[in-house]
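Have a look at the structure that comes next, please.
Chain lettering (A, B, C and D) follows the sequence in which the chains are written, and residue indices restart at 1 in each chain.
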């Protein structure tokens, strides 16, 4: 019932074409927490097999926005979304769409590394088991493969039975990445994945992203502009101009353009450190 | 200067109240241990009471106590855990939830003798179950329910929300998330709550005295009656003829309860360490 | 919660083919589980309703046949002659509870303050488990202790029999310490640490900080604790039963036998029939209503408090 | 630790919290609800031939019950069902034929005399009035005892003792001893309700043994040297004065049968009257053995 689709490995070159295919498109998105209007009129494409960074000052709704792509916001009572979000051209908010299955295809990494309180092996095998894979050999392969892709295999191959929480913060985050990779997602959402871990581990995760983006579409939320500049191909800048009002998408472009010649004054102010 | 003296006096009083509390605990334990230890023997534990004044052992009362406690826990555990899952994971704040919480609080505060009379009226008489393990266990269930519900809900709420996100992010359904990540993560604390509730059930008297019956009997089926250790102790103490057996029963009861409490503490501490 | 569901075929057609739809079986399973959990949670409500129904059913007629005034206000309890005035029992319950609170509250609040403000971690690691273990000791063991140790002691000091409110006060005071102390400690623990530091920084002694800053700040929590201790005291049965002497009268002194609602129920139940039995269930109704009232009081206080905070 | 070490362990817990919990809760909910509202019958099946039913006095219940256990141990395959429902109900039950033996702690009322029941006295319950050993009072009249327990006399000086208040110790109303004491001593007077009510003989004894002002009553068989037993109407209760009927506070415990006892009922009654039971169970319960023929 829940057979895995083959991972999408597209033959795109390392440097993405500026006009590469859109993996995700967002049109006229409005987002509400109860009475609070959080985001308004967001329209943005997410290019396939590239890294797109969302930047902006805290409270600008970028974390809210990234959670729209796998419908994590559904879990918060009282939230409401208008507009259209499509994955491969299909509306993910269409009636009847299973958000649970969507979340398997659109994986997510959180700010706080969140390994489950179980062994490293079980952490990685968690997703595949959810989706019906029970054969030991198949699971073993998936676990090794995923840990390897997350650049963690060498460090943990002898301690797979140990608790996931015994690892260091950076290792935990890579374990979480491995855990997501094990369900072979097409899109990887990363919500400030490096803000709670040490610099060496940040480096490792950034290296990892460079490799992963060859096969997976990555969206990263970061408050660290240097990081956005280093890892992303495209950048979207969000801003809540007046406290209590909805945030807007100020500018979206190739990362180099955003950082070298922003079209909007507000973007320029932000990246040159005037506020935020 | 006087400010300092006032402080010293106040501190001394606070120390005194704390030490009094500890001293009372040790006095009660010591009293029961000193008087009961001579009575304890395998013979006392494993033989039947004999004669008009219950000489001999207390074995059927131990079995009755364990029987009714186990039965009550078997009934209450799934209900309370799933109820807590509902309150902690599924419920949306609203009228329904506040009714449930209010009911749980009320249930928790019902005096145990009222619960006993309720059990007598409903299970023993109206439902014709009679004085039995089952009647007593069902009455105990309502006593234990709010306790286990609360500790379980707290345990579930203490599981970080990140853990849940991680599971949802992998495409787990709500129930898969609860069952495979939240409950296992909360399990040590849930077990602690269950053990404490078990201790409570073992020590309960007023609920079981008019639901289980008082005749000494070895229960086999849940419809059998019996006499739990607490009621045996009460009857022995008030009859006052065979006090050694009363001391022995009190000590056994105390050992069981302390055992439950200490193992719950141990479990909790082991959980906190990691 | 906005998780969409496959309700009809039209929705199926409208959804894009690549995205998996919510399968009917998954949806039904999740919804079924959710309802099952709700049902479990509702057992608590069911419990309260059943208690009210069955205790009420058995006890209600005493109010109608015997009369509310005669039952609640009658000064004589003499079931052999069909006289069911429970005023002496209500009086007994109140006297026993009041004295126990008067003795137990300072002890409990003192212990809580000690634990939260004074004790070193080492001392705390001994005292706190002791308080928790005290909570676990069955009431019948407290009663046993009271009957065989405390009662003779009171008897020899007062020259009486040793049964009476005074003995019950001491035993009950000990028994409510864990309830009040734990909740008070929680209340003290939830005060922001900054308040403490501010007070110490102004040169206040520990005691001044405690009674001028912390106790007022934790006032509501402490009142809640005392109310719940009250509930415990008024509902306690076995321990009280073994030391009060069970005389349903207005005694001349605190060392003369007295009876409470709870103890009279246990004493009379074995042989009570007819109206007498109904009267015992009527007493259970009173106890149930009182305990519900105390819970309501706690809820009301916390609601008032949050309303006050919202206005601030 | 928060991490559950091995996979098998985790699976175990998951099992418990998951599927099994689900099943259990469904089952128990059903059980709970159905038990609460539907009546489950658990009535016993018809009596076999090797079975007798003994119904009646709660005072006699302990003797009849313990003796029944020993009796059935000695006579495998037989059953003696004993229940305590009160003397009147016992007499009625044996008259109607629903019991083989009716037990009673009182004599037959005139109306019951005509039913033609056969009386077998099985023990004597004699009640001693007890005080603290240091109490100078040694004897009381029945009338004084009545006045003391009804609250008309409240000071020991009124009956020749020291000038101290009297501390009354009474039994609970479910007690057969209280019932007998009430009937024999109190007559139409009521007990003083401010007396301490204790639901056990031993407690009455130990309270009286420790309080100089106390007075109480217990079955004579339970009186020990801890307490002083008072002479009533000038008669000190001893087995002799009880048997001779001189000591006033006593009653005889009866087994009633409808016609001469036969079969198992006869064997059981003979067992009760045997020395083994009379000197064992009957004395343990605080009663005096019935005088044996030829004594």
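Please note the rule applied: a residue touches a chain if its C-beta (ideal position, glycine included) is under 8 Å from a C-beta of that chain, and two chains touch if they have at least 3 such contacts.
The model shown is predicted, which means the values in this text are computed figures rather than measured ones.
Comparing the CA-atom centres of all chains against that of chain B, the greatest distance is found for A. Central chain by Cα centroid: B, whose mean Cα position is closest to the mean of all protein Cα atoms. The chain pair sharing the most C-beta contacts is B-C.
Mean C-alpha position of chain A lies 79 Å from that of chain D.
Rounded to whole angstrom units, the spacing between the C-alpha centres of chain A and chain B is 47.
Averaging Cα coordinates per chain places chain B and chain C 15 Å apart. Mean C-alpha positions place chain C and chain D at a centre distance of 36 Å.
Multi-chain contact residues of chain A (touching two or more other chains): 75, 77, 100-102, 117-118, 163, 165. Among all residues of chain C, those that touch two or more other chains are 1, 26, 33, 36, 40, 43, 50, 147.
Each of residues 1-4, 10, 22, 25, 29, 32, 36, 198-199, 203 in chain D touches at least two other chains. Looking at the complex, you find that chain C touches chain A at residues 1-7, 11-12, 14-23, 26. Across the complex, chain D meets chain B through its residues 1-4, 10, 13-14, 17-18, 21-22, 24-25, 28-29, 31-32, 35-42, 62-63, 66, 198-206, 222, 280-281, 284-285.
On the chain C side of its complex with chain D, the touching residues are 33, 36, 39-40, 43, 50, 76-81, 147, 151-152, 155-156, 159-163, 245-249, 251, 256-257, 259, 267-268, 270-271.
By the touch criterion stated above, chain A contacts chain B in their complex at residues 70, 72, 75, 77, 100-105, 107-110, 112, 114-118, 126-127, 130-131, 163, 165, 176, 179-180, 183, 189. Those residues of chain B lying in contact with chain C across their complex are 3-4, 6-7, 10-11, 13-18, 20-22, 24-26, 28, 31-32, 78-80, 82-83, 85-87, 90-92, 96, 99-100, 102-107, 109-115, 117-118, 121-122, 126, 142, 145-146, 149, 173-175, 196, 199-200, 202-206, 209-210, 230, 233-234, 237-238, 243, 246, 250, 253-254, 257-258, 260-261, 265.
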